[in-house]
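Sharing a structure with you now.
Which chain is which? They are A, B and C, in the order written, and residues in each are numbered from 1.
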Amino acid sequence: MNELQFLTWVRGPGLDIAVGIFLLGTVWRLFEIYTLGRGKDLAAPRRAAGASGLHTVFRRSLPPPGMLKRSPVSYIGGYIFHIGLAVIVFLGAPHIMLIANLTGLSWPGLPAQIIGLATVMTMAAMLAMLVDRINKPAKRFLSTFEDWFTWAVTFLPVLTGWMAVQHLLLPYTTMLALHILSVEILLIVLPFTKLFHVFTLFGSRWYNGSANARKGVPV
Amino acid sequence: MQGPLIDTLARQGVSRRTFLKYCATLASMMALPPAAGLAMAEAMAAARRPSVIWLPFQECTGCTESITRSHSPTLEGMIFDMISLDYQETLMAAAGHQAEEALHAAMKANHGKYLLIVDGSIPLGQDGAYSCIGGRSNLEILKEAAQGAAAIIAVGTCAAYGGIPKARPNPTGAVSVSDIVKDKPIVNIPGCPPVPVVMTGVLAHYLTFGSLPDLDDKGRPRAFFGETIHDRCYRRPFYDQGKFAKTFDDKGARRGWCLFELGCKGPVTHNACATAKWNGGTSWPVESGHGCLGCSEPDFWDAGDFYKALSMPAHPPTSVVAAPVAGATAGAAAGFANRAKKNAARKARQPITVADLEK
Amino acid sequence: MSASLDKVSQTLKGVIDAPIASYFESCVHCGLCAEACLFYTETGDPKYTPIHKLEPLRRVYEQEFTLLGRLKKLVGLSRPITDDELDQWQELVYDSCTLCGRCSLVCPVGNDIVYMVRKFREGMAVSGHVPDGIRSATKRTVEIGGPMGLKWPAVANVLRKAGEATGVTIPVDQEGADYLVLLSSMEIVNYPEYIEALARIFNKAGISFTVASDAFEATNAGIQIGSSDLAKVIVSRIVDAAERLKVKYVLSPECGHAYMAIRWEGPNLIGRPFGFEVVHVLELLDELRQKGVLKMKDTFKDPLILHDPCQIVRRGGVLQAPDALIRQVAENYIPIADQQKWNWCCGGGGGASAIHTEEAEALRARVFQIKKRQIEEAGVGTMVTFCANCRIVMEEGLDHYEMNTKLLGLTELLAEHLED
């Protein structure tokens, strides 16, 4: 297989496989997790939970008092790389082109230079977080193979995408194919690792928020 | 036409010198050593005319047009003068039973020696009823003709890979020659239509050396299909600089920038267009401002939108409906199993007493 | 698998639910829960990272309820839980987790970690992987009636004395009273002032109340050890008494876990909603304050800070009352940084204070440093709280560090300054 056949494969059969596994795995896992159900809370609520679950979904995105100081890299790095990924994926012109292609929806993107900057910042933040994972005792203690693996799987699409655009190291075609392949690996891995938090995060925050709201505590 | 080819050519105003030059070019295109050009010229000039049978199946006659309908007589066209084209429906004067008789006579006379050229795909649906000649299906004809052939040349993408008839949903069940014939040497000369010089080049090689040229993994002569359109494209520098035309009438398009983002399939297409060009070297698709369609690659018709950049998905992911449905089914089954397990555990559990608190 | 491990697995399978599954799937190992846990911040030992305390539970979840986990189990790639492991985890689940719930508040993906620890304790309890101190407290509560082994005659004696001191007879087993008053053994033994204060306040407000001779104990060691079955036995006494005496309200004492057990866990333990309301004493006092019944004759002058007990405030939802009440009585109340739902635990909640091994006590003393810092940074000589358990644990901590900070109960403080 030459580099061009490689590209043809990743944008055709490879993409089919990756998207298929991603969708299958995601729907499966969501069922598997949320069909376990939970008991009804019989205690009289202090107040109705209402939209508290939703409030927590948003509130938890802010650092609690004092925590920023205790783990600055987690928060600042976390913000930069999560927002960075969102900016690259949703505001990068080639990605908007891709989304338009798949869904017909389109919106204006950011100039390539800004996306390039966001990419570099995202990679820097991810590297800082990797160093933090090695340095911070609690993080290092919790880390398993999965943590290093998922870091790499998330980092590679950013790196290869950036290298493809900058025409670094390998011919564009190969880099582009590697970029698409790395995204496909990410898609395949996502439902079965901690990366699945992109979905369950909302459920978790919701559960925590609504259960505690019944007690009258905004969490 | 009788006599050696060189005389025929001379009668048509082609000098020996021109013919030699042509052979040298052909040899160089096929990456043969310079001396091969002379050998080729000599061999062809003196060639005994081998019998060639040309079978048309599910095709549009574009391949034949490509070779014969040039605006002025070309050497490519004349090369055909050096073979004994014993059967070619489009070109032959005979028709009906007469034509079929000619075919069988040629096959019988030259059994084991004739060269079989096929254009068009072979439909397998409805027992081959989609395409019949003289009441016999293409499949039957091909099998019979292949038996006595020395080698087969599958001309055009249809014969080589199934081509447009095979495009989804492939209503006729079209397949390529190599899907049917497994025991004969086959050369694929894909293209929709194929570049004329490639066809004559392969013929020349066969006539000169009595063998088929070196082939790639898709059965194509490496000499003509070894590189991609993109590799040899004159717009390649713009690609390397990241200069892309975004529409067919923007500034980039007018300046001749790379057509990658407009869906050019050059980077994944192996063919000789960029070097051989078309219409006697006048131009070729990319030069005229349109991206390559990738017509010499298998299943090019289904390889995604012609106007979609190669960095885009070739086609909408096929699994977007099936995968979530399968996931939901499997997930629901897992959910049921989990709940059953959980309930069973709860039911089986004995309430604990203070005595249980001891280990 | 031993019989006891079978029981663990069976129990845990029964308690794992969608929130727990969602929580485990969401964890990204960011370690921020550690930064919220005083056992980590004060020791720096990563084994005290809250989510790590749940590792055996996570594995049971993975092995029993996820496809990949089941596959891994099938081909022998997953490690089943072992007795040794649970032995090792006992310290993490009991000694070094006070169920304070601060981790549940900071987890960026929203995991309610303490909810899971509470459930994990079900499995630990069923197989006897529990500290002796909590085990014997639970046994005493189930068999005798209270964690300290108090029997009714002794309680009746304390109530009689309180009646004499205040001039208010404390009614016992009186049907039709508005409030059934619950007490915690710690208050009966260590802080009888609380009972006196309550008697005076009820009397002044003209509210009828009663104590039940067969359900005076509010605390529920069953909750702390993590056994729903035993917790149900204990809480049923209160429910039965409240229904027999036809009270409108059951008044939870200051004690944090007592409030949690009766207010939030109670109905779920007995499997039906209560026909009466459970009110925390501070909620009642705040209501009286708003009605103007709770008038002060004077105020407390010394500068003081407030320690918010986790189970009443962060996990219990009594958020505003303590602040309003302390402002009513204290002239120099100094709010501190980590207050209300952000407070730091005393270090002995969740049953931890009942563990009297050398290591557990040393650990409690160590983590008390965080309270010590809070007191020192505020520069005050007085700290007020409203949980008998917090109070005892912090008294020990103050002793350990030879601090002469005065610890007061909020209800008592109010009673002391109540208009005659």
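Just so it is clear, a residue touches a chain if its C-beta (ideal position, glycine included) is under 8 Å from a C-beta of that chain, and two chains touch if they have at least 3 such contacts.
Please read all numbers here as calculations on a predicted model, not as lab measurements.
Set side by side, the interfaces B-C and A-B show unequal numbers of C-beta pairs in contact, with more at A-B.
In this view the innermost chain, defined by its CA centroid being closest to the centroid of all protein CA atoms, is A. In whole angstrom, the spacing between the mean C-alpha positions of chain A and chain C is 37. With centres taken as mean Cα positions, chain C sits 78 Å from chain B.
Centre to centre, using the average C-alpha position, chain A and chain B are separated by 43 Å. Residue positions of chain A touching 2 or more other chains, listed in rising order: 28-29, 32, 35-37. Among the residues of chain B, those touching two or more other chains are numbered 330, 334, 338, 342. In chain C, the positions touching at least two other chains are 16, 65, 67. Within the complex formed with chain A, the residues of chain B that make contact are 228, 230, 239-240, 242, 267-268, 303-304, 308-320, 322-324, 326-328, 330-332, 334-336, 338-339, 342.
Residues of chain C touching chain B in their complex: 4, 7, 9-11, 13-14, 16, 64-65, 67, 125-130, 135, 138-139, 142-143, 225, 227, 229-230. By the touch rule above, chain B contacts chain C in their complex via residues 330, 334, 338, 341-342, 345-346, 348-349, 351-354, 356-359. Those residues of chain A lying in contact with chain B across their complex are 4-5, 7-8, 11-12, 15-17, 19-32, 35-37, 94, 97-98, 101-102, 167, 172-173, 176, 180. Note for the complex: chain C touches chain A at residues 16-23, 25-32, 34-36, 40-41, 44, 46-47, 49, 51-52, 65-68, 104-112, 115, 263-268, 271-274, 277-278, 314-319, 337-338, 341-342.
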